[in-house]
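Presented sequentially are two complexes of subunit A, the first with subunit B as partner and the second with subunit C.
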Partner chain A sequence: MPQTAPPRSAADVRPPVTNIGVLGWIRANLFNGPLNSLLTLTVLYLLWQALPPFINWALVDSLWFSSSEECKAAGGACWSVITANIRFILFGFYPHDLQWRPLLGICILIALLLYSQNRRHWRPSLAWAWLIGLFSMGVLLMGGIFGLTAVESTNWGGLPLTLLLSVFGLTAAYPVGVVLALGRQSRMPVVKSFCVVYIELIRGVPLISLLFMSSVVFPLFLPEGVTVNKILRAQMAIILFTAAYIAEVVRGGLQGMDRGQYEAAKSLGLNYLQTMRLVILPQALKIVIPPSVSILISAFKDTSLVVIIALYDLLKTTQTALSDPKWMGFSAEAYLFVALIYFVCCWFMSNYSRRLEKELDTGR
Partner chain B sequence: MNSSTANDNPDTSPIITIEGMHKWFGEFHVLKDINLTVQRRERIVICGPSGSGKSTLIRCINRLEEHQRGRIVVDGIELTNDLKNIEKIRTEVGMVFQHFNLFPHLTILENLTLGPIWVRKTPRREAEESAMYFLEKVRIAEQAQKYPGQLSGGQQQRVAIARSLCMRPNVILFDEPTSALDPEMVKEVLDVMISLAQDGMTMIVVSHEMGFAKSVAHRVLFMDGGEILEENEPQEFFNNPRHERTKLFLSQILD
Partner chain C sequence: MRELRHVVPAVVAAFCLTTGAAVAGTLDDVKAKGFIQAGVNGDLFGFAKPDEKGVWRGLDVDTARAVAAAVFADADKIKYTPLTAKTRFTALQSGEIDVLTRNATQTLSRDTDLGLDFTQVNYYDGQGFLVPKQLGVTSATQLDGASVCVLPGTTTEQNVADYFRVQKMKMNPVVIENTAELAKAFFAGRCDCMTSDASQLAGIRAVAPTPADYVLLPEIISKEPLAPAVRHGDNQWKDIVNYSVLAMIEAEELGITSANIDEMMASTDPKIQRFLGVSPGNGKALGLDEKWAYNIIKQVGNYAEVFERNVGVKTPLMLERGLNALWTNGGLMYSPPFK
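So, the complex of A and B:
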């Protein structure tokens, strides 16, 4: 700074401007150095090659509400495969004129999820709202009371089934996983070894084999005449499986805790449960939000494995719709649609977890 | 509280009695035949070289460490494996750590009310009022809604002191409360401790702050190799140390 510079008040001093306008941004981020410039140009070239044909296929030459014959004649995407089969894809074999019920159930679920996103809404009344919401979803799906026609659970399918398996599966698996993680740290040998054996056993087998066991082996052990609903069994398998993975992640978080936190809590006279609930878990669980969400996301996608025990989840209903000879050959469009649904759900989860992380950051 | 002997007057009986106490970490004999009696309203400073067992000694008093031989009696209750007794004693004995150990996910106010609300079952309003009273006392009330991570080290340590005060302890243990602080923050924490001393709080302080020891302590203990080698009133302790090792230690920390 030259000696003659006039003295400036502190309020005048602003952080230096690093990039000026769009051009500045482009230069700083895309063309800062020969290698990056080359990469940018290559990517631009590839996009130029790939995007226009895709847009042509998906939007320009595409058919949305046509018959399958028209589709076969045209060159573009045949979204009609979805619009024509949408109700079967979304609701499976659920009775056609009752499908407003699962639809309403899904709407309730989405509304609750969106409302719960905001941490300021986390009041005791919200827990009641969830209980009532889940209960009414169950009633809507099952029927049999309040003058609603009963619908056998064997007819449930599509999106409601996928959401049911994942929402219940994930919310139940998380607390079970936390308890397992605490048990694994326990000083009581019996508790500890039970948790270790459980976790290692479950992590040692694929989900598919658990699902098989739940549908084939498990009923063999039941007394004559007793049956447990197939969806419930699949649900249990998903919970038990996911919980083992959650447990290991949570254990990592617990090990990352400073010993001083336990000591400070103890020296206030807090007992074990209070120490865990009020001091240790809030911090440990916050640390493991990112890996937990990875597990929840993959567990959500893994619910599609229930096809192998003949449950009609979203993926299976889509497959079934495609096996109709009329619509054979349009699987790309249908699977893109299903992928989009899965993507939206997963994106919601990961986006929310990032927000939660930021909100819980107390600047340690 | 006089469950040991019925005719003990609770006001004149010692608050802490340690008799023939030994502790091992595995094979390592870390505390050897410790005998110590602390009277109510008495203030004791413990010093000694690193690794001499000072922290371990005071951590035995609230059972953060377990002793293997001898007796420790706190406020008439002997420390055994009985969890209920341990939790009771921990509510009576406050502890301030070298690294503060505040709960980073709670605000300052929540840090202070956690113990009273969950352990003492104090109503929230009342707990908050007394928390604010003690925050005033450590001169930091304006920070009540902040999180520990937003405070300086000296401020955090003062909050930690207020946190233990909120439990209304009969005695507070300090484990090198100023040694993790930048020099300019040491004084603000010592000032708070001195004002506690003036209020008559019973304190056991592991510290190398000799000025503090001289002005506040009734007794200074010197530990080395897991033993209490020497104990005396501060004047005598600093002017006429009897033990060679005490002399060596004092000459090292005083220059």
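So, the complex of A and C:
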């Protein structure tokens, strides 16, 4: 096909090379003034100083599958501390040859979470999928039926425990928090004062003391022979605690609603439940997505406090692995690894909340 | 308020009843549930710590296993509750655990005020100082003004404060909750010296980047008899725990090990016959099976075996027997006659 040269026009005269492309971007963003130029240079210098040694330490000189003696002799990062202890770090006291079960459980949970991310998948069948998924997770962890060996919950630990406490804790705390927030707004004095007392009481004590109460004081009040599972007690404490914070955040959303919305709903003849379900809550909860996600994120990280009641969550199993004299000197590597796991989970949550905000940002 | 007047006594009564019941008969409770709940350290290598596979190991763990062997003839009928220095006594008081084997120092106030009963000591320790060689210090009396790395919530913290006060020296405590982090801070030079039980300092020095750069000072500033503890007021249970520990010491004295115990059953020595239950009496007196001591030694070992396996010279801790040798070898381990 013969090529015909297009007629030259003003549009073809390209702007100066320093205004477009990479150079242009650099000029516009990094060197658009004396102060910014100075800052850019300083940051570049600091990176130059910090990055190569870090890469050397973390990647070039690092050891991945060595003994601790080889690690001590080498200068780089000793990732062997993780590879040597990975099964204890991830699964705690779970019997060694049964650890495929919690692993499979985690995979099911992550698959469900990823699938539910997309709002187009929110159908009634998804609820069934969750029910079946959670049930099979429980069966996998506990065993005792279908020919699986029973494993007591005292032996659960590591990542499954952290995920269990956070996923169940956060999903249960949210509705409880919403109910509490509505209760606090209620005109019925008993309901209102109960909610106020509850919220203020729980927010007035640290999570550690709640956990401690649930593990040490609570059993004293139970009749002889009745014991409540320790993980369940910790789970309850986390739910109660997080719910109180969620309640206050949701209350903020409710108070942020225009009075006209309530009045409009009333004039349509909607009753209280309908008003809340159809008009108020959908708008209020949308407003409070960012603060509630930050509460959920901090609650997720707070699950590591269960260590004080002797539950071996991810952080505690790591610390325990580190107390072996063989690996005592390599805590930086192990903590980096745990930090990475926590970061991925938190990043997932905040990323999802941003997407949700964008998708729900209709009407304005 | 009228209801409250009824509610409060009821709650208090319920409280007393439940705690009272828990104290009544630990042996029966334990037999009913089928296992012993032991409170242990959780991350103290050599004393109580799970290994890479999650199996508990250590001197304190073996002590608790000895009790399980005595009661159930099975050293594995035991569950462990890892406890911190701060939660350990509460856990025992609340009945969450049946026996505390968590390198706890026996002291007068703990024995009385806290409502605990300590049994036979399973490790005699003492508090010392670890310093870098380059500090040029040869005695603890030269530590005036030093910053001292120390674990919180232990007798260690109090001892070192007392010691510096008596010596009229100043100190800056650097308090870190976790042994591994404490050691790391010390090696990084955050403090001039580190103080803890000598057994732990030996282990910590062993993991130093260059162990030869650190020295243990000669002063031992405290007595730390580490002993298992039970709740006050249950004498039968206390006897069982006490004699379970003593049985391991007695077995070492008598030369009985887990390896030779079956030959020893045929021994004609009346002391050995009584000990192993060949001539009955001891078991009945404790409310246990006559073969209780046999089960301990067979499944856990005598004190020397337990010591060498967990903290002895072949382990990373490299501890000599020292005070923990038998009295016949210049140590403090001494068992009353088993008759």
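Here is the rule we use: the second predicted complex is superposed on the first by the 344 of 364 C-alpha atoms of A that agree within 3 Å, B and C clash if a C-alpha of one lies under 4 Å from a C-alpha of the other, contacts with A are read in each partner's own complex, and residues count from 1 in each chain.
We take it that contacts are C-beta pairs under 8 Å (C-beta built on N, C-alpha and C of every residue); 3 or more make two chains touch, one makes a residue touch a chain.
Just so you know, these numbers come straight off a predicted model, no measurement behind them.
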item: Touching partner for A:His96 - first (subunit B), second (subunit C), both, neither; value: second
item: A:Leu268 touches, of subunit B and subunit C: first, second, both or neither?; value: first
item: Contacts of A:Arg87 with subunit B and subunit C, given as first, second, both or neither; value: second
item: Contacts of A:Lys286 with subunit B and subunit C, given as first, second, both or neither; value: first
item: First (subunit B), second (subunit C), both or neither touched by A:Leu360; value: first
item: Subunit B or subunit C, by number of subunit A residues touched; value: C
item: Partner chain(s) touched by A:Ser331 [first = subunit B, second = subunit C, both, neither]; value: second
item: Subunit B versus subunit C as contact partner of A:Leu39, first or second or both or neither; value: neither
item: Set of subunit A residues, in rising order, touched by both subunit B and subunit C; value: none
item: Subunit B contact footprint on subunit A (complex, rising order); value: 258, 260-261, 263-271, 274, 278-279, 282-283, 286, 360, 362-364
item: Subunit C to subunit A touching residues, read off their complex; value: 11, 14-15, 17-19, 21-22, 42-45, 49-54, 79, 81-84, 87, 90-91, 94-96, 178-181, 183-184, 187, 203-204, 206-207, 209, 316-317
item: Residue ranges of subunit A touching subunit C (in the complex, touch as defined); value: 72, 84-85, 87-88, 91-96, 154-155, 157, 212, 215-217, 219-224, 308-310, 312, 319-326, 328-329, 331
item: Residue numbers on subunit B that touch subunit A, as the complex places them; value: 62, 64, 83, 87-88, 90-91, 93-95, 97, 99, 101-105, 114-115, 118-119, 147-150, 163-164, 167
